[in-house]
Amino acid sequence: MTDPSTHINRHRIRVRYAETDRMGVAHHMNHVAWLEEGRTEWMRDLGQTYREFEDSGMFLQVVDVQISYRSSVTYDDVVVVETRLAELKRASIDIGYRIEREDNGRLVAEAKTTLACVDPNGKLRRLPEWMGRRQA
Amino acid sequence: MTDPSTHINRHRIRVRYAETDRMGVAHHMNHVAWLEEGRTEWMRDLGQTYREFEDSGMFLQVVDVQISYRSSVTYDDVVVVETRLAELKRASIDIGYRIEREDNGRLVAEAKTTLACVDPNGKLRRLPEWMGRRQA
Amino acid sequence: MTDPSTHINRHRIRVRYAETDRMGVAHHMNHVAWLEEGRTEWMRDLGQTYREFEDSGMFLQVVDVQISYRSSVTYDDVVVVETRLAELKRASIDIGYRIEREDNGRLVAEAKTTLACVDPNGKLRRLPEWMGRRQA
Amino acid sequence: MTDPSTHINRHRIRVRYAETDRMGVAHHMNHVAWLEEGRTEWMRDLGQTYREFEDSGMFLQVVDVQISYRSSVTYDDVVVVETRLAELKRASIDIGYRIEREDNGRLVAEAKTTLACVDPNGKLRRLPEWMGRRQA
């Protein structure tokens, strides 16, 4: 079984033309969607998809995003989003990311997101065990 | 009362940096969101907001989009989206648009969208009267 | 050598969470970016990338987009964008698309885009031969 | 003359349908574009537009983004982005933001972005004086 505390997912994304801006590079807002795509794949590796998680009536709400941009990429470049657990709390999870170019390994961005586990009413809930929460 | 069959809404939108691409102009996908913003304002003028419409359990589903791009705009340009009724059917509505630059009136794009009126199960429903449907 | 007039590219795209809307499905504006991703791959198959094409100082400007939406998809669904040549003119190209769900083959959308070949000054230019233009 | 060190711009943005996600709220990636729209208006107030700044051959490159999400907004809600200077360094600028709902003043997000002043070759340059840099 995949151990959430050590598992690292590496996910390839090819930069879309629509994601570039007039500076000629991928606009910094798109990296936020790339992180989300990375954690979707990281969760899939753990044995449940985030879609199933939502279908079960739970949500992971993004409460904090921090991104440091290190170098730019442009249309048709391929980036690899590396996703791993950063810290696990009772009702929230910190996920860490490293985005790099696939061709030369150059660091594109480092990021961390905090997600809170909530029910449909927005009430905080304990994270599920498959996401790494210790059993009582 | 505003007559849906003749009412024209003119809505200003300033092009975002994030909407430009590496060609230096607003990427053509964003015009689709501008049309949507235009028809939101057109409906507001008619006396009910589209949000209230959805809150009442009905939806307008986009089934067809046609856009002809005539000239480009870039970051910080202001466009005006002109929205009007094109054709009204029993369960769908064609809306026509003309996007132009505010400063010189130059035509940016012409468009038409077809929207079907559906309930939460995706079943076709009659358009509401405030949108211009003739009473029986 | 790949023949542009008959070549069909099939490209997989997994729907992003960020691409869904409050109706619970992929927002219709994103399909426009998917088409663009499809034709990027179609061109790559023909032997030159669109990025190289732009680096050579030429551009394909989108002048017309028509999309008919047939069924909706949502987060984590995988769609396949099928891209093929529709019609070739002297300075413009019509590309046809069919988007379907990968799991059940259900048709999601049909589309056509017209792209004009222009130089950096926006002046119309002949399409390159590798895109299928007949030699004189 | 507007003093950059104390000036606060308040800019209204109405949430687009396309910006919502299947959780029913504005997707967290869009706030990044809203911040950018806010600082565009803040700079306009200072006497030069960011577009003119780029036309003069200089760029502000986003090197860091931090956002804390406090409450959600949805389609047709109006938010106010409050933009102010946070810290001025020789070649970079920290800008602080507060996004709140216009109707009830509820805090939606707090954010900070760091932008580096670079020339077309990506080389760090001193910030212009109109942005608040002290003269030697």
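Just so it is clear, A, B, C and D label the chains in written order, and each chain counts residues from 1 on its own.
Following the convention adopted for this analysis, a contact is a pair of C-beta atoms (placed from the backbone, for glycine too) under 8 Å apart; a residue touches a chain by one contact, two chains touch by 3 or more.
A quick note: this is a predicted structure, and the numbers were derived from the prediction, not measured.
By residue number, the contact pairs of C-D overlap by more than half with those of exactly one pair in A-C, A-B or A-D, and this pair is A-B. Contact count check for B-D and B-C (C-beta pairs in contact): higher for B-C. If each chain is reduced to the centroid of its CA atoms, subunit B and subunit C end up 24 Å from each other. Work out the mean CA point of subunit B and of subunit D, and you get 28 Å between them.
Residues of subunit C in contact with at least two other chains: 17-18, 22, 29, 32-33, 36, 75.
The touching residues of subunit C, when paired with subunit A in their complex, are 14, 16-18, 32-33, 36-37, 40, 49-51, 75-76. Only residues 22-23, 28-30, 32-33, 36, 54, 59, 61-69 of subunit B touch subunit C when the two sit together in their complex. For subunit C in complex with subunit D, the residues that touch the partner chain are 17-18, 20-22, 24-25, 27, 29, 74-75.
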